[in-house]
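Letters A, B, C and D mark the chains as written, and numbering starts fresh at 1 in each.
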Amino acid sequence: MSLEKRPNGLESPLRRKLLLGTAAASVASLLPPRAWADAFPTAQVNTTGLAVTDIDVTVGILHSVTGTMAISETGSVEAEKLAIDQINASGGVLGRKIKFIQEDGASDWPTFAEKAKKLLVNDKCASVMGCWTSASRKAVLPVFEQYNGMLYYPTFYEGLEQSKNVIYTGQEATQQIIAGLNWVEKEKGAKTFYLLGSDYIWPRTSNKIARKHIENVLKLKVVGEEYFPLGHTQFNSVINKMKLTKPDVIYAIIVGGSNVAFYKQLKAAGIDLSKQTLMTISVTEDEIDGIGGENIAGAFACMKYFESLDNSNNKAFVSAFHKMWGDKTVIGDVTQAAYLGPWLWKLTVEKAGSFDIDKIAAASPGVEFKGAPEGYVRIHENHHLWSKTRVGRARTDGQYDVIYETADLMEPDPFPKGYQ
Amino acid sequence: MPNNTDFVLAVEGVSVSFDGFKAVNDLSLYIDKGELRVIIGPNGAGKTTVLDLICGRTRATEGAISFKNQYIGGLKEHEIVKLGIGRKFQTPSIYEDLTVFENLEISFPRGRNVTGALFWKRSEEIIARVQEVARMIFLGDHIDRLAETLSHGQKQWLEIGMLLIQDPELLMLDEPVAGMSVSERRKTAELLKEIIKNRSVIVIEHDMKFVESIAHRVTVLHQGKVLAEGSMEAIQANPKVQEVYLGH
Amino acid sequence: MSQSLTKNRNIELIGFAILAVLLVVVLPLSLDIFRLNLIGKYLTYAFVAVGLVACWGYTGILSLGQGVFFGLGGYCMAMFLKLEASSVANTKIQSTPGIPDFMDWNQLTELPFFWVPFKSLPLALIAVILVPSLAAFILGVAMFKRRVGGVYFAIITQALAAVLTILIIGRQGYTGGINGITDLRTLLGWDIRTDHAKYILYFVCCAALFGSMFLVRFVLASKLGRILVAVRDTEERVRFSGYDVANFKVFVFCLASAIAAIGGAMFTLQVGFMSPSFVGIVPSIEMVIFCAVGGRQSIIGAVVGTLLVNWGKTLFSESFPELWLFFMGGLFIAVVLLFPRGLAGLVTDQLLPWIGRLSGGRRQVAAAGSAPAPAPAE
Amino acid sequence: MFMGYSLGEIGSIFAMQAFAGLILFSVFVLMALGLAIIFGQMGVINMAHGEFMILGAYMTFLTSHLFQTYAPQAFAGYFFVAMLVAFVASGAIGLAVEWLLIKRLYKRPLDTLLATWGLSLIMQQAFRSIFGAREVGVQLPDWMMGSLQVTDTIEVQINGLFVMTLTLMITAVVALLLFRSRWGLQVRAVVANRVMADAAGIDTRRIDRLTFGLGCGIAGIAGSAFTMIGSTSPTAGQAYIVDTFLVVVFGGAQSLLGTIASAFTISQSQSTLEFFLTGSMAKVTTLLIVIGLLMLRPQGLFVLKVRK
């Protein structure tokens, strides 16, 4: 077991140079795992005292298992565990098995900060997959920057952030919004929009970007914009307003339990989503589970991933996910993005030939993951992902039909000029 | 109607109604300096309500109440207390979680605002006065006991003591001997005789023997109105009073 | 109970001393800075619990909105720190440099007027105490002068907690919204994120907590404290003893709120951010739980209860997250039902007499002769 | 013209807003009724009221599944069975809770508030353990969805009508029970004077237990009805607490009429404000107005003036 200090014959300068080159990963992948780990002695790949041994490496998983956010974050935890399992089965990272330590953020932001600190300071985690809400990310961000950790953050979010210590595997707002609005203008001939949102930063920022795009780029009209407290369940007034203003598109960014109330009341009010165009960027397959497919069928969602996506990567992913977590589980956009985290980290570590945070932060731009369920992703200079954006139409069975995808990868632009 | 300095308390034409029911109806009552007035009457006659009106617990719908020629109708309870009116409740109302000493100390008429209470010093004068009153109310030996451990009668005395230490000019007692043993009643009667020397007192009482033993003048209330007023003998001889009491 | 205050003065002093040794000596020596910082965070909740002892345990005013005052104190502190962290140099990528980042995201182009005083530390520190006290004063006067009390007061304070949360979240350009005010770095140039700073802040927090505990103890041991007990048990009688009860209630409510606010400010300093999740209904009630578990009528008990419940929460949520709510709910019911005086009650009613019996017959008589425990407040 | 709407549109706005307000009003009454009975008649604040509602919602969810599996042909009518199941389940647990917990705390209203909060935590976790943390979707029979077209611009929602009818019926039943039945007489006697009622041979303990059980049962029905408009998740109950309590407190503790009047006032002002302000600000404004009014009238809208 205690192999750490064994003198290693491979430590010749020439050999090291060879292995640390960009070709290292492909060279190494030809070796059997044991030899692979030998090729990358711990002392070299881990110069900052992370929890890396000759045989394993520890990462952290930090999501809410309890509290109100547990509903949303469960899928991310499941996806991350699946990815870790698969990576281990295929030989691990630099020949080392991934061990994980899971902590519960308990839907409470300081708890997230507290646990993040524990994972970095006490457990020396080589990376952390975690957080879901912006608020929890904002709470842990200073911790990751101070203790120089690496966070893989899965949720689509409002942007306006960029950090050396975070890889954003979900889409930032412009990626999600602009393509969808362009599509709805072109395909549906939309002229007027009604913007709705839950009252916090992501919906507000997203609607701000949407409004700028609608008014300044598409030269169309926003006829209403409105926000509701989180957990709000009475939407009759706004439904009345929409009946009067008759927008071509209802653009809804409502989250959590409010979603259920909103779509049920919409349906009850006789707004037929097969006739009225409704576009959302907040309802994934996970949310439909609670809303009920029959209440939302016909709505358009704009994001980068749907479970029904037809490609071989995704088919393998979906069947592996169902095998591990049961047939009833559904996979939403964020769950898929969470699945990318461990893989991107593995690829980056092997590209850098090191677990050191500074090195993987520097090596991240340009890392590609061809096995991504969504198809293909690449990390941008700004630590967000290049990815395609898709429009899906909700079916009654809770799945989406993918009816459009952008031809090219959308460039992430967390500080969009002209949209602020 | 007279409204001169002879009266400590003048209640004039006062009415109060609860949801249409007139508990007190156009009632007038005058108390002299140094007088001990007993109010009697059947249940629901409005006796306790009259005390409530005087001490500010209930607001009159009509009429005027003045104390020493000062109109007190709109004042709050503690302001009326500060003017010199003390009130004992029907069931003993004391601070059960405090000792006898502390009960009396709180009632001492000084340091009644927040800062006064916060920086309160237990001076010799106060300790002496508390002990004096405790002896008067037969609790000199129980000064450090928690009030909740006292007997029912002792609690009644303690409440009287708490009023006494306020040194009010008008003292109102609602059934001071209710629930007392015979010997306790006798002691209470002595106590009252002691107390009334330099103040006016209004007593509500059912116990006729007790009333006879202390009363100067008696007022009979019936259905929120004064039915009769006079000396004990006159009242007992009054046919209207007899009818009300026997008729019930 | 105030009798037990005087009679048990020695025991209480011993309790203070043990707690002081534990917090100031034992814990810093035995825990690493990460755990110690956690304890520091728990201690900030203890401020609220200590305030609740005065307000709820002694006076019987149950506020379910103490998070409002904790939050106001914390936000006042956070506003100062955020302004310091948002220097023009630090924020040059923004469209308007020199204002907090979230304002820039919300198209604000200048600092809102009510943020301006928070550029000055003395003003910010004054605001930490003054703003929550003023809020408590206004609410207190409005409620207590109108004689709103008991359940009504509890529910109205709860509604206020809801209102403030919605407001903070909804006015995110001015408040940072649901994310709160994050990424606080320095206090007058001193980096509060280093381990060294965390040690110092921990001791500052302890000092402030003991200061608050002694302040509350002084208040409760004075005649004012006895009047508060009297108000709780027989409010009417206190009026007829010539006191303006409302003033006393307002005073104790303001006191509890000001202390909660100090806790909030210490929280911001030690944790490094402030968010609306400490303002709402749930944290407010949890703080009542801390106080109840420790003993609603014991200052030391409130602190110990806060530490124990939070320690239990951390422990449980690490090992059995599923069971945590069952445990918390069960604990709460058990405390209310079986030990209304909390841990402190167990110690004074059970443990001390037991020790007394062990240490000899004479003491046993003394212990048996002491007044029975008063019934819980009704 | 006003805010860019034509006169005809304004007419429709008012009609539909009035209807939206009426739905909200029914919802509030339904939520508050159970609590009002318990608080008004027993002086107990039940912080777990929201959880009893969610229990009813989960019962509806279960019933809908049972019907889908075993009696799909009768699915159209399952909702009525579900409401009954919800009532019985919540009521039964309410009885048990009264017996185990509440009856020991009658003289300590603030403590019941805290103990029932503990109960609500336990119930939330129980829901989470049994039904999972995610929201569950309750499928409704088709006839309950959709709306009736009254005029070109005015539509009336069927589930809204359903909730209103339900509220009307339950309120009527409660009023009948309270003012016409023997139980109601006894309840009113206990409220007026507990000691006297006891002496008069009324089993006050039994009355309390029934009252609490009935209140919880009505909460269950409310929860069942809420599956039509809201979400069902372990923590959804907490969202209703503040609104419900304010309705009850604002109405005055001991008056059924007060509860109804206060639900009407709050719902109408909220729904009107929502039209002119945004959702968040409407909520804040409504809450602040209610708090302000409560300071002016601390005992609520309707209260009997009695000698203290």
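We adopt the following convention: a contact is a pair of C-beta atoms (placed from the backbone, for glycine too) under 8 Å apart; a residue touches a chain by one contact, two chains touch by 3 or more.
All values derive from a computational prediction rather than experimental measurement.
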Set of chains whose contacts include both chain D and chain A: C
Chain closest to the middle, measuring from C-alpha centroids that were averaged per chain: C
Selected pair, greater C-beta contact count between A-C and C-D: C-D
Averaged-CA centre spacing for the pair chain D and chain C, given as whole angstrom: 33
Averaged-CA centre spacing for the pair chain C and chain A, given as whole angstrom: 38
Distance between the centres, which are taken as Cα means, of chain D and chain B, whole angstrom: 47
Gap in Å, rounded to a whole number, between the CA centres of chain B and chain A: 76
Residues of chain D whose C-beta touches two or more other chains: 128, 280, 283
Where chain B touches two or more other chains at once, by residue number: 57
Where chain C touches two or more other chains at once, by residue number: 166, 169-170, 322, 324-325
Residues of chain A touching chain C in the complex: 65-66, 103-104, 106, 108-111, 113-114, 117-118, 121-122, 133-135, 138-139, 141-142, 146, 160, 199-201, 204-205, 208, 227, 229-230, 415, 420
Complex interface listing, chain C residues touching chain A: 32, 34, 37-38, 41, 93, 95, 101-102, 105-107, 166, 169-170, 172, 177-180, 182-185, 193, 271-273, 275, 277, 317-318, 321-322, 324-325
In the complex with chain D, residue positions of chain A that touch it: 67-68, 70-71, 74, 199, 226-229, 231-234, 236-241, 243-244, 256-261, 264-265, 267-270, 286, 289-295
In the complex with chain D, residue positions of chain C that touch it: 60, 62, 142-143, 146-148, 150-152, 154-156, 158-160, 162-163, 166-167, 169-170, 281-282, 285, 288-289, 292, 322, 324-326, 328-333, 336-337, 340, 376-378
Residue ranges of chain D touching chain C (in the complex, touch as defined): 39, 43, 45, 101, 104-105, 107-111, 113-115, 117-122, 124-126, 128-129, 238, 241-242, 245-246, 249, 280-281, 283-284, 287-288, 290-291, 294-296, 298
